[in-house]
Every structure is written in structure tokens, then in C-alpha cells.
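Think of it as A, B, C and D in the order they're written, each chain with its own count starting at 1.
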Amino acid sequence: MVVRAAVAGASGYAGGELLRFLLAHPGVRIGALTGHSNAGQRLGALQPHLGPLADRVLEPTTADVLAGHDVVFLALPHGQSAAVAEQLGEEVLVVDMGADFRLTDAADWEAFYGSPHAGTWPYGLPELPGARAALEGTRRIAVPGCYPTAVTLGLFPAYAARLAEPEAVIVAASGTSGAGKAVKPHLLGSEVMGSMSPYGVGGSHRHTPEMIQNLSAVAGERVTVSFTPTLAPMPRGILATSSAKARPGATYEAVRAAYEKAYAGEPFVTLLPEGQWPATASVYGSNAVQIQVAHDTAAHRIVVVSAIDNLAKGTAGGAVQSMNIALGLDESAGLSSIGVAP
Amino acid sequence: MVVRAAVAGASGYAGGELLRFLLAHPGVRIGALTGHSNAGQRLGALQPHLGPLADRVLEPTTADVLAGHDVVFLALPHGQSAAVAEQLGEEVLVVDMGADFRLTDAADWEAFYGSPHAGTWPYGLPELPGARAALEGTRRIAVPGCYPTAVTLGLFPAYAARLAEPEAVIVAASGTSGAGKAVKPHLLGSEVMGSMSPYGVGGSHRHTPEMIQNLSAVAGERVTVSFTPTLAPMPRGILATSSAKARPGATYEAVRAAYEKAYAGEPFVTLLPEGQWPATASVYGSNAVQIQVAHDTAAHRIVVVSAIDNLAKGTAGGAVQSMNIALGLDESAGLSSIGVAP
Amino acid sequence: MVVRAAVAGASGYAGGELLRFLLAHPGVRIGALTGHSNAGQRLGALQPHLGPLADRVLEPTTADVLAGHDVVFLALPHGQSAAVAEQLGEEVLVVDMGADFRLTDAADWEAFYGSPHAGTWPYGLPELPGARAALEGTRRIAVPGCYPTAVTLGLFPAYAARLAEPEAVIVAASGTSGAGKAVKPHLLGSEVMGSMSPYGVGGSHRHTPEMIQNLSAVAGERVTVSFTPTLAPMPRGILATSSAKARPGATYEAVRAAYEKAYAGEPFVTLLPEGQWPATASVYGSNAVQIQVAHDTAAHRIVVVSAIDNLAKGTAGGAVQSMNIALGLDESAGLSSIGVAP
Amino acid sequence: MVVRAAVAGASGYAGGELLRFLLAHPGVRIGALTGHSNAGQRLGALQPHLGPLADRVLEPTTADVLAGHDVVFLALPHGQSAAVAEQLGEEVLVVDMGADFRLTDAADWEAFYGSPHAGTWPYGLPELPGARAALEGTRRIAVPGCYPTAVTLGLFPAYAARLAEPEAVIVAASGTSGAGKAVKPHLLGSEVMGSMSPYGVGGSHRHTPEMIQNLSAVAGERVTVSFTPTLAPMPRGILATSSAKARPGATYEAVRAAYEKAYAGEPFVTLLPEGQWPATASVYGSNAVQIQVAHDTAAHRIVVVSAIDNLAKGTAGGAVQSMNIALGLDESAGLSSIGVAP
């Protein structure tokens, strides 16, 4: 079976990374590629690394253009997916790489995104308990945010095993591609090279309610999240340091066992051997996740560090992985677990 | 008055940065420069950015060479300062840029450094309550560690004002110069560029007891510290994200007032205007410190972000600032509060 | 057909990149992996990005270990390949990723490498005139150097078409992985980030005679080469700027036509559309080559810029491409022409 | 004597660097600071590294605002300086950091800049023969371009001594700040980190006629220049590799002697000892220039590598140095010859 896939928003970073994976996917034929202000341009001028698609021309993002495909990926600015999705047939697999359908709580959505809530779709993080079952056969997928991917995979096993108190503290560093391709002064190379800086401090980052939602669901109780994102001088990668107070009896051995159990058989997540710590370089360009845990017995905290590529497992790779599950394909098709290093 | 200063360990990164400041210091004449394996070499071959000293030749690190100076800076590997210092007269100002004399608790020293405790000297962080008085006229100074500088300046005002619970969680990113000039595989440019990775996770980093010591002294109670250092793809800079649960009644206004009070009149520390966050680029090469605070009312935490240059305020700049106080010079002599950006 | 491949020198950067390609190659099964000082270690500790091979253990580099494979890749320090190769049977395909068998002139070898010349093997740059014919069915391949790959592909069409005078001037920037994994002070991240510096200036770089050999063969006359390599603050990539005086009558149109003809049908080389210039990011991690040409009518020079990934097309990708030709496999098997960007 | 200086264009990179130097200058008091679209904003929001000026507010760039200062620096887009300058009195020292008054040939100006030629002012490269005399007492200074600074200092001694043929080939790498603070897609951090790319290839870069002008004047004959600029993944620095065929009799010793003579006594230019090569890190943030020469006897070329900081000696540092000469101040006032490294 070969499915025909369209990509709305093919000129951005998420769209470009998605095309890199789809080009390597034996079961996908790439159909329409659309853009907004870039419609009419050659893809080669916008994504010069995608040689095989250089002569393809971007079309406008309309339902007419996107119709007639088996799968439609939406890599659009937040708030624009619903209008497109509702014009696509129910038999079409729509994979939303934006935030629009991630949150279950309308009030959370409105508080953090400032627009009416569009709904909730099956959540594309297959490693979460029950997630694969919800993805199998679905025709609508909400791809998780990049930070929530790194943080949820970092912490959920501790909460699933009732080893951590429900107050998580997270500091994460992201490569600049996480901020997208829009030209803003603080994203200039001259500004970011050689510099680290935070943003969205104090609970205001839009990914915070998504982390709370994921961790609370697994924990069976409300988990608070203190989340501080920082911008790091690298194009890709997220390194998330997540911690929570250890519950009484939460020994290092119990923690390690919980993570080993959670990730046994997972094709993309590696709990590293003791003594080895994640590095974003090791997962560069791949769908791989590296995780390591520690138990700080003096501070009584479980500390977890997780590394992903924000554009790959954090966006486009996660999207393809979930598409594979939804369509009954090999979950790893088109994806690699091997980073591009050094 | 012009003092004559010797630098033991002039070939390393801390030594080089110190010489950059001393060359700009109107009250200092640079005397002997020593090295260990590099003794006999031209400084120009080792520190090619220090043009005016290019033809100086490194001497061996011996008491004979260091004798006869008004000030001796020790930029030596941990554990080697005591043997040198005890051969220098009590009238000589000895400024130890290593860890040897920072900790007051011998058990802490031995647990984290694995050697006998050498003693405790006045601590060179002038912004701490009471610190300037202890530094004035002293002939022995223990320069703080780079991470403890960033973290202590980030958190002490909250503890001094009794606004934070005594359990601090800190994640900090450091440029690679913090690891020194020793050639180790994981510090190769090919490994660090484009990558973030943690180390010393779970409470094992040697700077942890120093942070606990500083914060506990200010708080008047034992403060636990969960500290995770990470290596960032930049040569210099520390960005520390520090947080603690807010005590009842610790409003944002109270927090901000505490920081304004703590840093009023400080020549090198800036509490940024609301809405502006620190960036390590802004303090690059300078003795400046940028700080910003937030109150996460959903997670009930005070979050502080502080940025320093690890080699400047974090090591050599702090050393010069404390030397200036000890000698009764202008505290800012030789130092700049202006970063080299972009 | 599935061939069994051994890799001697699997712990280095070239060896790691080779394994990344071989893991993606449908016709290759990975056999013995060897190291020198690293023998006995888990590959996961040395190449943490190669997840699927993490538990493989390095064996010592001996003929016994390497025997019994269809293909043996040698990623050894210069001068060590001959001793290993001669112990392997003539039916084994030996692919030398070192310099030992690249040069035809023994005097050149001895002048630049300082040891006796080991011989000359078919040269693994398939895009050169006649090269594919020499590679088909061979059991010995000399993989080109990284700089000679970028420079030869940049200039040979101009020389093949008799458009350029035989005095080439080349300045190239390379990522740090080109210097390998050996720990040297000038390769520390602290030294290379934010800095550009030259080395091997004035004709002393070992890749110079290889460029002269390639260009002279195509030109049918002795071509002199002024080559200046520089170290750039990036892990991967070579950007080579090559120029030569235009011969009388060498119009821009003639130059462009020569390059279009030289690269028509080449699976990995792209002559970019007019107005678009190569970037190393566009070929990151891939076997792709980007080339663009200009005719400076004021300075009377043909200027060519070429971009490759030094570890991929410049070493391990080129090795796999030539292996594929030698074994009669699909020339692109295991390789990608899509860069990992941004 | 303390002069009062205004800066038109204080929000850009050149303006910011200039202010960094002026703040360190004992003979300068900083007066009006102006911006265009940024007028009315706090400088602290635009130049967060300039702590001491954080509360200054940008005024509009008008003659009224700039009047009443002893010195006016113009850091404006090309083509805008003349209109401002002619409204300032002849007794005011006007230092133009743009290109408007650099070229002597109106046809060159019009061909490369596409607007009417505004005139020619004394050229602010004091190291050139005769330049200091022309700068002493002048009230108008044209600050050289960044690339012409690096290239002219690299090559003029060879031409002054008649050692090189009049056909220069130059490839230079620049940090991204050379492209200014305007937000353009190709200058995003995600695009430039980890990548090298050329631009303005084939003789089209606007700095080309300025190099030709400088070198031809020294050589006493028309020198052609093939110039290829490249964008390097670093915020600052230019590394220029310049070469030309050696004239008969131009031995290495003669070349070295010519450079030693040209730079004897120069406060900011260092001809490095043999065996040591320039690095942009060594001149980071300083007015220093590092130069090294080689004679490639096989290719018969003189090869010179020069390193500067594009914002410092390449723009703002050069401006201050020339201002000092014009006003009869210490030529080094406000400037440093010490780089910020690592």
C-alpha cells in the first residue's frame, strides 16, 4: 500500500523536516505541498536541503489543493488547523502538527492561546499508556508539542509508578528551530550564537498546560508544573531536566525499574546505561529519545534528563510515527533511531 | 599606589582572563607569571589574545618565583593552593581562584574533594550581606566557584527576605571554558557544538555544598539544593535558573522589592526591568550580572534567572573585584560592566 | 545479495559515520568492528548516537578479526592500511578511507607523508571521467580525501573543458570533525567556537598533491594549486572556494554548460540554479554536493564554490558509493541526497 | 579636554560597539543617541549589554538633535550620511561609518551603490602610508569597510614593496554581525549555525572597488581583485586569506621583511611569530589585527592571512582610532589590543 500525503505549510522548519522523513518512507508518495506567502515559489529556494523536491512549486493552502490525498499534514500557525480540517473528509487522515487539538480542557486552551477551543484529537505520543490503542485506525491526530514530548517522556514513568510528588520542576533548553522560521530580531544568528537566555518564565509558556495534562493523567492526580524554557545556541535539540520530590520509599532501584518497564520494547526511547547521560547531538536529526535518571538523596528528588530533536521526535518524526500507527504501517517506517553526530 | 601582582597558573583560561583584567587595571603592575607543564614557554603561544604580554615567558610555580609581590593570584588545580600559600608571607594578599578555601565545613570538603581540608578564607562575593566588611583589609581571599556565584546571587535575596522555602532547585547551563583547558574527548569542538548535555546530575557536582553553605547562611536555616549543571555550545557564560516554593505571603511585589533592595547600589548587578530577561551574551567578557525574577502563581514558585560570564564575574573578575576591596582600591578598577555583544 | 562488512577503526568520526550509512544499507550486514586503544569497549560508550549498535564490543584490529568478511573498511591513521590490507585475501573488497593508496607518485607521497609509498588503488571519486569504469568490479578502493573531494568536484569540469588556466587558488573552510577525534588543545570547543583560523598555509597541507593529481589528469597538463584550509566553528561541512584565470573565450555560458554537462545524471551532485549558492547546512549528514559557478569579468577568473559534508561525501559516504559501484549494487544504496537542515 | 560625541544609529551593531568603546574612552562624553524606527525606545531594550546607558532614550536622527556636539558618528544605512553631514558645521568632526565617502571614483560608487556619489573624505585606515597625516586635524573621516580593512592590511605591504603581481585573490569569512541587525531569513540563527555559505561571488560585493582602490594606490598600478566573502557561524570576526603571485625575486625573507617594516611600531597590528597563525578569537572585541605570511614556492604565491573583529577594528574601533588621530588624542584611547578569548 502506498498512501498519498499532502503537506500544508511545507516551507517552514516542521514542514521541511516532515518532507525529509516522507522522502525516506517506502509507503508514502508526496502529493501537494502548500504555503501561504510562499505559494508559487520553488521548494528548492526555500528548502535547499531537499534536493529531490527542488523543482516542486508551492500551492496555496486551500481545501481544493489538499483534497484527494490519503493523509494531510497540517504544519500551520496555531489556530488555523480547524478551518482546514473541517473541509477535509472524515476518511482522510489529518495530522495536526500545531497545538489546536492537543488540550482537553477548553478553559486551558483559551487561557493560553486566546481563541475558542477547536476540540481534542487522539494524542500522538505512542509511548504513553493507552496511546497506541487510541491512535490505531484514527483519522485525526494531534501531534504533541516539542517540549511536552521531551518532558512527558522524561517524567511519566515516575508518575505512573507513584514514585514522585505531584510538583514537577522543569528547565529545558531548546535549539532555535523550535521558534520557527519567522524572522524576529532575537532569533538572528548574531543574537543567539554564544548566548543562552530564557523566555516564557513563570508559567506563561503555552506548553505548560499540555505537560500538566499529560502528567496528571498518568499520575491520577493534579500535577503542578514549574516550566522554564531557554533558548540555546544550536539549531536543533531539546535537553529537558525534570525533577520532583521522591515519594517515601522511592529508591533509586525502584525508579530505574519503573523506567526500564516503561520503555521496554519501545523502538525510539533508550534508557541509557548507568553513568551515561543524554546529549542532544546523539539524537540529532533522528526520532530517538535518550533518557537517564538519578536520585538525589540529599535533596530528596528524582532528577530525569531527556534529549530529543525538537523537529524530529518533537514534531515531524512524532507525526510520522503516529501516522504509521494510525494506518497500520510499520511504526518505524521513514524514521531513524540513529542521530547525526558529531 | 601601584601593586605588583603575580599569577600562578597563567596559561589556563582563568589565568588568561585574569591577565586581561589586570592589564586594564591602572593600579596593578604584572609581575611573575608561572605555569606547570608550560613553564619556559612564551605566553604568546599559549594566550594569543594577550598581545601586550606575548613575549613574557612562564616561570615554574614556586614560592621563590612568587615571592616579592604584593598580590599573588593562584589559578591552580584544586588541592594545590595551600602548599603554595603557606610559603607566602602574611603581608602578601593571596587570592585563591581554586576551591580550596571556600568551604567552612571540613566534612563537606572531604566528601566532595577527597582530600584533607585546608581551611577557610574570607569569601569573595562582595554582594553577600557582610561580605565587604570581611574582605576589607584581608590578606587571604577565597574566590567563589562560577556556578555558586550565579546561583547565590540569583537566590540569596529571596532567602534573606524569608520569601522562599528552603528547598532550592537549580538547573544551570555553562559555556565550555568552565571545564578548563585540559584536553578531554567530550570537550572537543566536534562534540560540544550543536549539543547540550548534563553532567554531575543528582547532587554530585562539587559546587553543590558551596551553594548550600551560602544560601543556608543567609536563610538562617539549612537549605537543600538540587543542582543540575549542563554543558552548552558556547565558550563562555552561565545561565542559572533557580527556583523554590514561595512562602505564604510571598507576593511578586514582595519578591521584586527584596531584589531591588539587595542590589541597590551594586556596581555590577542589574535587576532587569520587568519584561526583560537575562542573556549570557549581554554579560560576555564583563563582570556584570543580570537577574530577573518571576512568581509562578500556578506552581507556587519563585523563579529567578541569573546570567554571568563564568570566567569574568564567575572567576577572574570576581577575584579582581575582591582584591580591589581588600586593598582599598576602587572596587571597579580594571573591570567593566559592559558586555561584548553581539 | 547481502554482503558482510567489517569496519576497522569504528570508534572514530569516519568509522561512526560509515556505520550510520551501513545501518541504512539494505544490502549490508555489519560484521566485526575494531578499535585500537578502545578495543574491549562498548560501542555505545564511544558512539552514543548509534543506538542499534550500542551493545557491540570493539575487537582489536587484526587480520584474524577482519577475515571472513566480503568488505573491509579501513578507517585507520595514515600509514597503517597497507599492513592490514596485505593480510586480507584478494577476493575481499578493501576500502581504504585513509590516504595510503591515493597518490600515484611515490615522491609526492614521501614528501608529504614521510613514509614509504604503499601503492595506488582505484580512486573512489565516481564523478571523475573514467572513474566508474575503474571502480566496477575492483577489490581495492582508495577513498579520496575530504578537501580533494570538494575541490576536485568544484574545478574538474572547468579543466576538462579547457576553460581555466592551470593555476588554481583554493581556500576552504572545514568543520572540526575533519581533524578527527584525537584530543588536541586547539580542537577544544572553547577554542573553536566563535573562531576561524587557518592551518597548513603555503602549500604544506597533505591534500595538496592529491588535488594537483586530480586536476592535472583532467586538464592534460600540470596544474599548480595554492591551497589554504581553515578551521570553521561547526562540526561538519566543507565549503571550498576555488578559482582560476579564465582562458580566452571562456564565457560564463561556456562555463555553465561545462558544469551542466559534467554533472548531468549524477545522483549526488547538484549544479544550483543561477542566483542560489551552496551552504554546508544543505548537505549536512548527506552524500550531496552543491556547486555554483561565477565568472568574474573584472578579475578574469572563474570562481566555483562547492559544499560537501566532510564526513559523508568527503569520507564515509564516498566510501559507500564506491563500494556500491564495485559490488554492482545500486550506487545510492544506504546513502541520502537530502541534508539535515536547519 | 573632553569632547562631546553624538551617535546617529545607536541601535545597530556598529553603533552599539562604538558606544562600548566610547564608554571606555577617558576623553569622550556621550551626548545624543539617535535611531530611526527605534526613536523613543530605551537603549537598554535594544542594547542590553550596555548597562551604563540602559536608561538613555533614542532620539530621532535630525540635524537639530546632532547639533552642538564636537564629534558626530554616523552609523546609518549607505546613502544617508551626506544629507546629515551637510547640515553639521565644518568645525564638527563627522565620522562616517557607512560607505558614502570612501571611494574616490564616482563611477565606481555609482556602479556598486546605484546612487549619486557624495564625495570623498580622508580615509580612516591609519596604517596605510600617508594616512595619519591626512587624518590629523581633519573634520571629516570615512571609516573603511570591514573586509577592506582586513584585506588591505593583509596585502598592502606586499604591494608597497613591489613583491606581488597585481592580481589578488581573496576569500574571507565573516561573522554574522557584519550583515547588521536587519532581520532577514538567511541570517536567522537556525540558518547560520553549523553552516558556511558564500555571497556576492564573482566580483559583485560592494567592498571590491574599495580594496582595488587601496591596493592600487599602494602598488602604483591597477590591481585586480577577485573577492569572495563567506558567512561563518560566529557572531564576530573576519578571517581573510589573500594571495597573489610572487614577483621574481620575492623570497620569503623579503616578504617577511616588508611586513615587519610596514607594521613596526603599529599599536594594533601584530605580525605573528613564524609558525603561529591568526585566529579571529584572538582579536574578539578588540582593535587588534593579527597577520601571518607564507610563500608557497610550488604555486609561486604569497599567501597572507589576516584576522580582525569586523565590528571593532573593522568598524567602530577603526572609527575611534581615526577620531583620536584627528583630535590629537592618544591614538589608543578607548581601545584595547587584547581579545576576549576563549
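The criterion applied here is as follows: a residue touches a chain if its C-beta (ideal position, glycine included) is under 8 Å from a C-beta of that chain, and two chains touch if they have at least 3 such contacts.
By chain, UniProt protein names: A, B, C, D = N-acetyl-gamma-glutamyl-phosphate reductase.
Everything quoted here is computed from the prediction, not taken from an experiment.
Visitor: Going only through chains that touch each other, how many steps at minimum separate subunit B from subunit C?
Guide: The fewest steps needed to get from subunit B to subunit C is 1.
Visitor: As a test of understanding: of all chains, whose mean C-alpha position lies farthest from that of subunit C?
Guide: If we average the C-alpha coordinates per chain, B ends up farthest from subunit C.
Visitor: Please tell me the distance, in whole Å, between the geometric centres of subunit A and subunit C computed from their C-alpha atoms.
Guide: Centre separation, subunit A to subunit C: 35 Å.
Visitor: Quick check: how many Å separate the C-alpha centres of subunit A and subunit D?
Guide: Each chain reduced to its C-alpha mean, subunit A and subunit D end up 45 Å apart.
Visitor: Mind pulling the residue numbers of subunit C that touch at least two other chains?
Guide: Within subunit C, the residues that touch at least two other chains are 13, 175, 177, 188, 190-191, 193-194, 233-236, 279, 281-282, 284, 341-342.
Visitor: Considering only the defined contacts, which subunit D positions touch subunit C in the complex?
Guide: Within the complex, subunit D touches subunit C at residues 167, 169, 171, 173, 175, 188, 190-191, 193-199, 201-203, 208, 224-226, 228, 230, 232-237, 239, 241, 243, 245, 277-282, 284, 292, 294-301, 303, 305, 307, 341-342.
Visitor: Sort out for me which residues of subunit D touch subunit B in the complex.
Guide: 13, 16, 20, 23-24, 42, 44-45, 47-52, 54, 177, 193-194, 235-236, 270, 272-273, 276, 279, 281-286, 288, 290, 336-342
Visitor: What part of subunit C is in contact with subunit B in the complex they form?
Guide: Contacts found on subunit C: 13, 175-177, 179, 181, 183-185, 187-194, 233-235.
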